[in-house]
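Naming follows writing order (A, B, C and D), and every chain is counted from residue 1.
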């Protein structure tokens, strides 16, 4: 019913056994719906211990939903979001943010998927001019769509920039665990510690069946609307305990960290082995669980016959390979062997 | 971690063991994301065998999402939806339909939660008048919010009415299984057989962890947009196999029917036992798994101390009690005993 | 190029000569656009002297635009508006409010087009419940769609009700001038004096070519967004001086009052004359410039052959006749004569 | 009440005397509202004789409204618009398109404000991919925001490109008259003749008080919704004859052409005279009624003390100067003299 382990996306992996076990354990008797149950409260408390007492946590179904709930809570329709051109919320969410919020996305070209204060400030103009949408949120991805990372210093500099201009800082953290693992910092250091205002904290790509968390920090007044925004955004699960249970597992014995660290290590291993194949060039720094590689066009199809994955940039012949929590060294060996054969066959 | 079985809502129940087992079975290796995997295709084929070859099936996360995807696919923002005043999509979805579609909801008061051709036609006027939103979809709930049912004849009469006026017929079937079970008809007879254009087919309330299906019938041209609407509505699950697996279980050995039939029977049993308590009046026909009862105000709080449930109409002192797939005769006995004591204690 | 004076709507009348003269006068040289010119500032100052120093005035194009700008400024998409079922913003604006704001309209049936605290309070429930849109604005029409009026006492009672429940009070004043004229009170007494939070103040129906004003009172924090909402709602005129000039004329020598008073008097005269025709019944109190009359069906078409007007309620055989600033006694005589002949011809 | 003639924008000019005269003439008796009058029909017929029998004409209030009505008619919310980064609809309409339609704007950087087939095609990818908004409309400005023009050949090439990819071509023609005048072609040649699907045809900037026309060509099925979209977009004028009258004047003795030709000639004259000032560089080709000039920073403020205008690009020290229908040679002389003094004073 499934295919062998691929390198297409970390969401092609299934669920971690500990996650499934937690769901099974929580499936006991009746529980109040929509997050009104004691178990969900308990797991939210666990989040607070990790992210800080002011973490205002809302579970949602998926990554697009997390971004929409976070941004829909923070924005009025005449306000705008500054993000990179390749941001998931601009490129891969079929306009979910625009349609739900009515807000404009102001996109910025970047070489490495990362915004900088200088790039942001180029778009912060005409403030107070009624003709122009008013930038209100800077949204970045950590890890980025290109697998690169913002350092703590870069995050703090961005936050100083947003503060200076009266903006808020949102992080699309579909792979936030991978970022924290790679940087060797705690989830709190990487979020509240850098002054982030809102975080989409991913679960699905790190071994959950589904489920993400939207977290607001700093007792933002806007966050009071979050429960209504979540419901209106169709992101309120009735049997919430099953989301809570998955996160409970993720927080237990640092499963989130073990899984992310492993995926990162596998990507690093893949990159290391690819370095020995002269026909392959690594296209972006390998800092989390993604490897972007420039591959001879003739080889791409040959590799894909055995392993499904996405071409990222056809013009540049660049592909994306993702490692997941369950990728094995054996998978890497097999994959690299396939690559090696394909590039030399050309 | 959970409370004992309640009568608050069928979604306070957990997941059916067969559903959980199917998830576990499907958690094997990697699978292409977003419904591109063979297993999801296979389960959709099963739906087609049940609902008809023209059934165009799209899995979503929850009931609100199902309604929004169905209606968002069928409507332009200047078009309107006719529904009952107590329809879930007007009363309990925090304006999700209005915000996503921009469309107007035209609500109709009903004694029993059911639209009729006469009630619909009262709102079909000023067609072609640019000042007035143009009714395009009639949306009904089956079973209704009051637990009542539309007969096949009533559905066919509604469909004749919508056809006559160039409208489409949508069914919010969060409890469609309960309706089919109670009426003793097949899912196909109750949907395609009555000319329904679009169906929100519920899974969560009938024993799934989460997951519903939006089904379009009759090769509607509008339905071609459904995949985009689903994505934009944040209802596209990346690890789709876990939704597919749950529906696979529901369709295996008619689990959907066994569960719905049992919940209905428990509601019937509850109603039967309540008939012997003179202080209690049944407020609406008990046709599916809901019992609406007029209860002396003093008793409501007393009962609620032991069993959580919702007051439906405080002014009329009417409460709603729902049976679920896992409600037992023993639960009923215990509950009725509590009720009996509460009403006589007054 | 035009038809003779009709009784279809006060917007079938043209522009008052003093209004046109003011436009011509203002058409002198260049002026900064979008309201940045000194003349527009001057006219807004005139508004402040009339409505009060805290009146925050924004000119817009039309009545629908005025309502959308007022409500769009006050509401988030999960919040709702309580209005009558026959409110212009529900019935005659093609869903403009729903589409722009994403908010839900909660409609209330009324015998006379007027909300009361009791009717409002019936819809103020489930506050804080994330499943239910949260009532935030009560929107009434003054004069109402049925030509009836709220007295100062009724307005104050409504305002006390909205304050009690944390709601805001908006008035759709497309015919606010007619209301003030009929009640014999100043514009300020009828707005700020009654605690109104936001007013759509009509100009078009009272003799302007186009143009309305949105006025916020009481230094509402929400009103700071109004300029952006107006622009996003496509209601910002570039050559704003031509709207300002028209309002300048309206405020000069109380043109607004002279025109409204005249229209009201003509409606009163019409009603008085109709009282002598036994086949005609007045359907609603004639309090402003509208006359609603129950007319024998056979007569309706006969009258319409000479004078265009709208049937309001076909089932009840009720029609609407509106007087305008330029309706003459001679028009009334001629019209009544036509009616008299039509009803007796049956 | 007004300032002397400026070079800030063509909308700082007032109304042409012939336009005002036509309004006065049309202000005679009553006329059916909302475009239902014979006069409006007559003027729309005049449009058809000019633009072609298939021209489907809808009058609106302003330019933002025209773009929203055109695009809102053509688009579903999951579809996207490709436009230049400096397009008015992205940069100067406060997100009106995004909020009304829910659609995504995909912006393209250009050196001269002009899209090309190659630039368009770079954004036409992932068609059919549910994750990505689906490009559906290419929207260009003619004249562009930089005063440059598309030749007939360039338009035909763009149209061939849109046809090839199943896209529609919209033209924001706030200054369409200036473009036709400059190119020396008829309005029909420049629109239907090039296969344009939808046109926002400007009136305000060319001497009207307010008013634009949205025109659909080629009997597009989507255009049937235009009346409802216009009403929902708050762009339906009740006293429509006053918009019709203005366009009637514009079409009489080619007032549109006389005015546009004059404004263009004044811009050309200004550019010619600026060529003699060595400290000033013309920044973009002067092809319509706009002059973009690189001016020494110290001179900008000095000039602005006498003539209000906008800095277009502060970093490049580029300003925009617009000529209008009423700009005189004397104005140019005076302005150039001021510039000359300012640059030499530095």
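Here is the rule we go by: contacts are C-beta pairs under 8 Å (C-beta built on N, C-alpha and C of every residue); 3 or more make two chains touch, one makes a residue touch a chain.
The structure presented is a predicted model; accordingly, all values stated were derived computationally and were not measured.
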Look at interface B-C and say which pair in C-D, A-C or A-D is its repeat, using the rule that over half of the contact pairs are identical by residue number. A-D
At the largest C-alpha centroid distance from chain B we find chain D
Rounded to the nearest Å, the gap separating the Cα centres of chain A and chain B is 33
CA centroids of chain B and chain D: separation to the nearest Å works out as 50
The positions of chain D in contact with two or more other chains are 77-78, 93-95, 99, 102, 130-131, 228, 231-232, 236
Interfacial residue positions of chain B with respect to chain A in the complex: 1-6, 8-9, 11-15, 20, 23-33, 37-39, 42, 61-65, 68, 93-96, 99-100, 204-205, 209-210, 228, 231-239, 241-242, 308, 324
In the complex, go through chain D and note every residue touching chain B. 34, 76-78, 102, 130-131, 134, 225, 227-232, 236
Parts of chain D lying in touch with chain A, wherever the complex brings them together: 77-78, 80, 90-95, 98-99, 102-105, 107, 130-133
